Structure formats: structure tokens, C-alpha cells
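Report on the following structure.
Chain naming follows the written order as A, B, C and D, and within any one chain the residues start at number 1.
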Amino acid sequence: MRARRRRPPYASLVTAQNLPDDRPRHWILTLSCPDGPGIVHAVAGVLAEHGGNITESQQFGDPYSGRFFMRVQVEAAASREELTTALGGVAERFDMTWDLDVAGRPIPTLLLVSKAAHCLVDLLYRERSQHLPIDVVGVVGNHRDLEDIAEFYRKPFHHVPVTRDTKAESEAAIRELITGTGAELVVLARYMQILSDEMCRDHAGRIINIHHSFLPSFKGAGPYRQAHDRGVKIIGATSHYVTGDLDEGPIIEQDVERVDHAATIDELVRIGEDTERRTLARAVRWHAEHRVLLDGHRTVVFR
Amino acid sequence: MRARRRRPPYASLVTAQNLPDDRPRHWILTLSCPDGPGIVHAVAGVLAEHGGNITESQQFGDPYSGRFFMRVQVEAAASREELTTALGGVAERFDMTWDLDVAGRPIPTLLLVSKAAHCLVDLLYRERSQHLPIDVVGVVGNHRDLEDIAEFYRKPFHHVPVTRDTKAESEAAIRELITGTGAELVVLARYMQILSDEMCRDHAGRIINIHHSFLPSFKGAGPYRQAHDRGVKIIGATSHYVTGDLDEGPIIEQDVERVDHAATIDELVRIGEDTERRTLARAVRWHAEHRVLLDGHRTVVFR
Amino acid sequence: MRARRRRPPYASLVTAQNLPDDRPRHWILTLSCPDGPGIVHAVAGVLAEHGGNITESQQFGDPYSGRFFMRVQVEAAASREELTTALGGVAERFDMTWDLDVAGRPIPTLLLVSKAAHCLVDLLYRERSQHLPIDVVGVVGNHRDLEDIAEFYRKPFHHVPVTRDTKAESEAAIRELITGTGAELVVLARYMQILSDEMCRDHAGRIINIHHSFLPSFKGAGPYRQAHDRGVKIIGATSHYVTGDLDEGPIIEQDVERVDHAATIDELVRIGEDTERRTLARAVRWHAEHRVLLDGHRTVVFR
Amino acid sequence: MRARRRRPPYASLVTAQNLPDDRPRHWILTLSCPDGPGIVHAVAGVLAEHGGNITESQQFGDPYSGRFFMRVQVEAAASREELTTALGGVAERFDMTWDLDVAGRPIPTLLLVSKAAHCLVDLLYRERSQHLPIDVVGVVGNHRDLEDIAEFYRKPFHHVPVTRDTKAESEAAIRELITGTGAELVVLARYMQILSDEMCRDHAGRIINIHHSFLPSFKGAGPYRQAHDRGVKIIGATSHYVTGDLDEGPIIEQDVERVDHAATIDELVRIGEDTERRTLARAVRWHAEHRVLLDGHRTVVFR
């Protein structure tokens, strides 16, 4: 059986190719495969043969799924071709799903928004401050409310309205934008529309959403109203990969904030916005740093 | 309409009666009533007339339920009779549910346990260290596993086994123990049995449970297994008043702990035990300090 | 002895005066005075006489300083003059420091910045989102780096460079801006200059700073470098009122974030920026909502 | 230069030797050495040659100290002799400080206490619940207050009083107890005596203390009084290895709790006890699981 590459576009990565061949580079290798002896040794062997120096490495064997996960950051002067060829053999032998990327490469990212600004402002600010290894290639809004923010950060803003009747066309427009911009990651930054099963499937593991509750509590609409009604003492937010199963995708990160009886629903919303943007920013950063690996409907996060 | 007293046994409180009459005492007054102008003034007036000096006070008007809540800690040399009579008038005028207690009086408490020791050990240790204003008057176990711990802390241990056929008899035995020991509070310290609707109703607002999940997530059995399966990144515990509606009672306190993909179900259980005992201890302390007031199916907690 | 008003400009507050006289308004009353019996009763009495309905109220008697603190939110149709006159009598009787403001009035605020953008971006975004009851009347920078951000939020940007020789002139310019804009609050949003003792004294309790460490750990310069060197497992930020005693002013709020051995100094800086902006935003909000009262070199925060 | 073994007694470990030779066992290998290429490959090679299956592994290269750290959990049927011999070669080649232990082996531990019970109660409870891989071989108290707790958990209690004049003799007695009981770890569970420089040096990296403040804030005596006086909004605790430099040893773990203005010094003490016992228990567990490696005066903690 052939080993699968998770994100094929990486193979022809221009950035990596253009680096001078005699300069050591940092690579990130991520992989998963059925657990068994000899994996680390085999991988480390390939890296050592190419003069690689491992600067960060994490492994995890999941006793429930029987799968093995690994993330290696390595300094190696070898070319992408050399590494890819050498790793390809090991990958085939252990039936690996794997990916090799240049460390720090900004991931081309498309942001989908609606009217709420907090996540958009936060992500764009963090990109500009170089706190997030992403390259925001565009902002899509089903409303025009946040156009000025996109403009301030010099990002193309695409107004793609969604009505009950135009859902399919809107999604087609978004798909075209993904292709046209070369986006490898889509972030639903409080985009209040539901994507089709087909779209979720085609971009599995590449669309991140922020849900404004501590899932699985308070699924669906109005989570802060639900939280207030139940009288919880802590509210939260959940960032997850989008799947066809609404609010059930693999969780990447969650965070919480303490509240008390005096907080109105409006105040929960305000408090929650802080938690949401923090949670989403972490999920996006870990994804962009290749720290998140899928383990069935769960995630392995090598923080 | 007559004002209601929340906990009638307090009126004949021996501890309070025996204090010398000329020594200032600390009292705690808690009340709730329909919101409206003049309540604080009227209450403060009664207290001022009796030489009371307010040392701590909190109020809250719930815009959703339209009810007003107040907790006052006051230093006053007046006798219980004088205060009760004077407050009775105000209470009737504003249709108050109210309660007056001596600050720091240890609340007679019955602990119900099963096999898990962590909450029992914690509560008994905190009582002994005078970190909890409770007086544990007995420990009831449906198994004998924790008898030695009760003995070490010199607490009567009552073995009340529960089988499918003896459920009613067991509950009757527990009711008798509550009456016999004068317990004003019952704590289900990981007591894995479900109480009857009738028992919940008769002791409404006086039975505290610890549920080993961040409610409303993962209700029912095996919450840590559920949490592991869903791949959550944070687990929690919830302490609530017991009602006939399982896992739906008014929440007093919740707390959480961060976990990661590598945590097995067993490890979640171990991590969770810390969260459970901490959460339960806080709920019991706040209840015993009269900081928890019922607002429908929610709680007001004057921390 | 006459009672002192904390912030005299409030008395002639235009916003409040212009409200129609027959519409109930929300007021915030804050006060502190030597502790003793009858204070709450007297204050509640004045409010009740003017048809006031208390919607939120907190009191605290500090056993160490012997002072009493109170914050009352009250709905009352009375005019400012009526309330001020009536409260003035009580204030004099109990030797109170007090203040009366219209609830929700945006506090005119001047932001002082240097090169780091995170706190400025955050405060301006929160103001625009109406999450902070402040009215930013201007941004002062000793560098021009953040001018574009101020412009985006349509705020006047004042470039006031500071060199060793022009320190006094720069401070004079800032003082003029405070007066000219009517600023009642000055926020040092990572403004890396030290203010003179005189300036600190003249604006005592009205200048808020954010220090990028968990004070009193790591005072002075380079706190993240210090934190890394000491190998701490948690880093923090501290928001405090500025006094002549550097990094020793009354603490309003602190927050922390967990870090591990792998975090470089640069990563601590990045993690810390999140903590800083969150901590500063809370301090500014609580101050602007009149929740922070001075108790010697400590603060009482009625959250 | 020869590779150093951190804890020589492990070599003759009876537990490991007695396991049947044909049964796979879990081992933990920890090592540190000057950073460079090929380390992981060499180590993984040795493990693979002996049929080892890596179940958990973490590496870290410290860019500041230039050292490399690694912890591997491995399932291998090989005998201790075989593994030790094979690893010895690699260790010598890379100038490693290393240690090999059987996973889950309870570390013989001596607890030193004074009058405060909270940490002792917690550690003994966790050992009994099998939440801590330690084997408490004795409790030493300079007072007799906690003797009954030791007895309840069936631990030998040694009363070793300390006065100004008997300091040296007391320490000699403790040293004898360490040798006599075979203790590999000493925990100062709120033992309020200062150990001599010589003792700290002789047991470097094997004595864990809990300090009741968020170090480096509030060193020395009365940290809660200091914290109250400074008006901090968060208090903490710090668990660290003991060195001759008081309160300056390598930090293993810290944790914090939020407090407010109303907390008295006594309440800070009570709140702090929870933080202390939680922090200490984590530090002891991580040490006992060989997750803590020394990196100069800092620690690497592979959680």
C-alpha cells in the first residue's frame, strides 16, 4: 500500500526550493501510522543520513486507536527532493500518512467572516505582529460590515452574500476563492453559515471553526443564552475542524472563563468574545505550525 | 402573605442563645424578595436600630427573574429574639424568604459516600483544619470501604447497603439518620446512588452533589469515558443541589482542568478527582457560610 | 472636616445634565470613610428618599485599615443637584471621600504609547465594540510607529518625542493634552517612559500602567528575560496605578499564563502580550465603571 | 570523559531483576548531553536492536545552554544488563548524563514535616490511591503534631526535634534515616527548617521543597503577610529542588489562585494551602516519573 501525503501542494513549494542549497534549513516532519517497533529509529536514521539535527521532537502512541504519531523539527541542509525521496521509502514501509514542510512557512489562509469583528481583528493583528505563521490571502464576508478592517490590513475583501436560495452559488464562489488564492487553510472567524457536507469532506482537516461554547455543552444557536439559562459558573469556547456533523468535528483547543450569577447574557457574549479569539488564535497557530494531527474524530496536539 | 424562613431549626439555635448578652456577635442575614425600592434601606434601618455594624454586604437584583437577593454580615449586640422580631416586620412587608444565623456556626452535616475516598478525605481534613464551617455528624456508606477513614476522624460510620430491592428501606434509614443527627446539610461525596424524587423535594436546597463532569456536558454515567471519546481539551466537575431531575439541579460551583490527547481514561479519572474535591469543598463552604441563594433553577453565590 | 469629592469635573457633567428630567437614570455612587455603624443605613436612606432603587451594591470594611468602602448602582429620577446635596450631608457626617457619576458615561481617556501595538489595538477595538466605557480622546506616542492604528480608529495622534534632554518639555506637552482634551484617565499602554514624581502625584489614581511581569517579581527592565533566566513556570502581567515609586503603585489587576521550559524569551514576550492586553483592558474597564477604590497602597475592586 | 549515571542505586534494582525474562517491560530512559546531530538516531537504534517499542518520547534542545534532553518510555523484553551495556556505549560517545528505570517503580521517599498537615495528608492519600508512584518509607517531624496521620497511613514516624544547638545532630539523624530507609527522594512537606549547604549539595536534585509564594516574589518568611501587604490579586506556590541558595533552587512547578481585597491574611493562608499541596503533588509525581531534568539552575519538565 502506498503512503499518503496529507497536503500534496507542499511538494512543489516555491519558498523552500528557492533557498540556497548550502544553507541549513529547518523542516517540520509530521506523520502517523499503525503503531509498532522501529518507527522512530527508521525516521531518525533517514534524518541522520542527511545530516539532520533534531531540534524538537514529540511522539505519541494512542493505546485506543493503535496509531503512532510523530512531529519532528529538524535542521538539515538536504534538498526537499532528497528528503522526500528518502522519507518516502520509510513512509511506504510503515504505511504512513506524512507531510514535510519548511518550518515557519506562512500558511496561505482564507478568513470567512460575518458581522462580529473580534476574531477577524485578532487574527489580522497577530499575523501583522508575526505571532501567527499564516499569510492571510483574503477575507470573505457574507456582509460588508468588516470590509474596513480588511482594508486597514491591506487584505482583499470579497463580499459573498448568502441567502436561502443562493447557498450553493455562494459556496461555489468560496471554493473558487480558495483555489484562486492558493489557500491551504480556511478559518471560519465567526462565520455564521453552515457549509455543505461536500465542502466539509473536500477540505477535511483544513477548515477551522470557532464555536462560542464549551462543546459538547450548548450546541447549536444561542449558546450564551443557553449557558445563562442553565446557570453555569464557567463559559467557554471551542475551536474544531469542520465536518458535516455540525459542532461535532475534532476539537483542537478549548478555553474557559469564570462567570457569576450577575453576568447578563450580553455580558456573557462580551466575556466570551475574549475566550473565542484566544481559543481560535491558538488553534490556528498550532495548525499552521503543523502541531495538530488527526486521530479519528480526535486530535493529537503536539504543543 | 407571610414571609418564609428558609431553615426553621435555626430559630432555637443553642449556640447563639448561650453567648453572653453583652458581647457583640456576628450575624449573617440572607434574604430574597421581589425587587423594588427601599429594601436595603429598610433592612439597614432595622440593623442600625439594634446597634448593628455591617462588616460585609452584597446585593443583587436579577433582571430576568425580577427578584432581589441580599447577604449581610453584621456585628450586633442584640439578642436573636430582638433581631428576629424586628426583621420579621420588614420581611413581611417585602414578602421575603429570609434566614438569620450566627456567623461561623458549624452546620451539622451528613456525608454520604460509596467507594471513592477522595471527596470524603478532603472534606474531613478541611473540617478538622477549620477550613470548613461544618460539623460532620456522621458518614453513611453503602459499602464499608471508607469506614477506616471515618474512624480516623472519629466520625460515626453507618453502613446502609443499597440493593435494587432495598432502595426504599435504605432511604428511610438515611432519613432517620438526618433527623437523628440534626443534620441541616447532606453532602453526596461521590455517593453513586440516585435519591427518590420525594427525598429530593423534602430536602430541597439542602443536599449537595458533586458530578464528575462539566455539566451540562456528559450527563449520566461514565463522564470521563465520554469526555475521552469526544476528545475534549478541558475536563471539569460540577457541584449542584440535588433535584428530582438528575444532573439538572441548580449549579453552585464548577471548576476545570486542562488535559491533552495523551491522557487515558484512567488519567482523566485521577486528574478529575482533584477537580471534584476542590469544587465540592468550595460549594460546601459557600453553602455553610450562607453565600448561596436559590434563584429558580439557578443560584446566586455571594463569594 | 469637609467630605472630599474624588473627581470634581464630574459635578458639571454635561451628559448627565442633558438627560430629560423625568426619565429614570442609573447612577453610580462610590465612597470610602472610617468604618462604623450606620453608614449603609444613612446612604440607603438618602437614596430611598429620592425614589432610588438599588440595582447593585457592594460594601467592604477593611479590618487592617479600619476603612469602609461602598459602591452602589441606583436607578433614581432625581437630578444631580438633588442627589449631590442630599449625599453631601451624609458625606460630611461620616467624613467620606465620595463620587457620583452617571452609569455608563464613557470616561474621557488619553492613551500613551511607544512602539508596541498590542495594548493600543486592543483598547481601541474594545472601545469601538462598546466593551469599554471609555471615550479615547487622543493617542500620544513618543514614536510614530502606531500612528496608522490611531488613524484607523479616527483618533487624533500626537507625536511627543522624548529624549534625555527634553523629558520635562515632553511631560509639559502631555499635561497640556490632558487638560486640552478633558481626559479624566491616562493609560500607559506600554509607554516605556517614566513619569516625574510631580506628574504622578498630580494625577494620583488616574494614571494606569501595565507592567509586563507578575509584580513584585521582575521589576524594572527586561522582565521576560529575567523570567526566562529564573525558569518560572508561569508568567504574568500587572496593571496598577502609577506612583512616584516605580512598579510599586496600587495593583488593580493581575493575570498569568502557564509556560514551559521550551519557551524562548521571544515566545515569552509573545505569550505575555496576550496577558498584558487582557489585564490592562480589565483594569481600565473596572476603573471606568468606578469599581476600583484606593485603600492606602492597595485597591478595593468591586467586580 | 565518562558518561555519568544520575542515580547509581538503580543499577542493582531488585524489582526489575525479578521480573520474568520473557515478559515485555516498560522502561524509562532519561538523558541529557551537549546538543548535536545523531543523538536520537543512536538512542533509537540501541532500543530498536533490543526489540524496543517506543510508547512515549520527548526531546528538547535548549538554545541557551546548548544541551539536549530526552525522555523515552519504551517497551522492551531485554534485561537491564543488556540495555545498560548497550546504552553505555552511546552515552559515552555523546557524553551523556543518563538514567534507566523501570516505568512505574515507586520511588522510596522520605517526608519531612513540621506542624502543618495539608501537604502530608495530601501526599499520603495520593500514594495510597496509587496516584503517585512513590513509596513513602518514613515521615520525619521536628514536632509530634502529625504523628497520628503517619500512623493512620501505617508509616514509621521519626521525631527529630531541632533547636538552635542541635541543628547539626538533627541533620545527621535525617541523613541516617535517608540511608537506612533507602530513600531516593526527600520531600520537605512544609518542613520549616533550613538544611545545611553540605546536605543540599550531597542530595542535589533529590530534595523537593514547597515554598508558599509565587517565587521569586515574597521570598523568606511570612509570604502571605507580604502578599497581603502588597495587595496582589493572585497568590501562588512554588515547588523546587533545594539548593544552598535559599528559595533560589531550580523551579519544578508553580501554580496560582485568584484572591481579592477582602481576603485576610488567614484566608490567604487557607487558600494557599490548596495551591501548595496541588503544586507539591505535581512536582513529586513528575520527579518520580522521571519527567524532570536539570538544565543548570532551570528544569526541563517533560509533562
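Assume contacts are C-beta pairs under 8 Å (C-beta built on N, C-alpha and C of every residue); 3 or more make two chains touch, one makes a residue touch a chain.
Remember, it's a predicted structure, so these values are computed and weren't measured experimentally.
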{"item": "Chains in simultaneous contact with chain B and chain C", "value": "A, D"}
{"item": "Chain pair showing more contacts of the two, A-D and A-B", "value": "A-B"}
{"item": "Taking each chain's C-alpha mean as its centre, the one farthest from chain B", "value": "A"}
{"item": "Distance between the centres, which are taken as Cα means, of chain D and chain A, whole angstrom", "value": "37"}
{"item": "Inter-chain centre distance, chain A versus chain B - centres from mean C-alpha coordinates, in Å", "value": "44"}
{"item": "Residue numbers of chain D (touch at least two other chains)", "value": "56, 60, 262"}
{"item": "Chain C-touching residues of chain B, taken from the complex the two chains share", "value": "35-41, 44-45, 47-48, 51-61"}
{"item": "Contacting residues of chain A [partner chain C, same complex]", "value": "56, 117-118, 121, 125, 129, 131, 148, 152, 262, 270, 273-274, 278"}
{"item": "Residue ranges of chain D touching chain C (in the complex, touch as defined)", "value": "60, 62-64, 214-218, 228, 230-234, 236, 250-256, 260-262, 264, 295, 297-301, 303"}
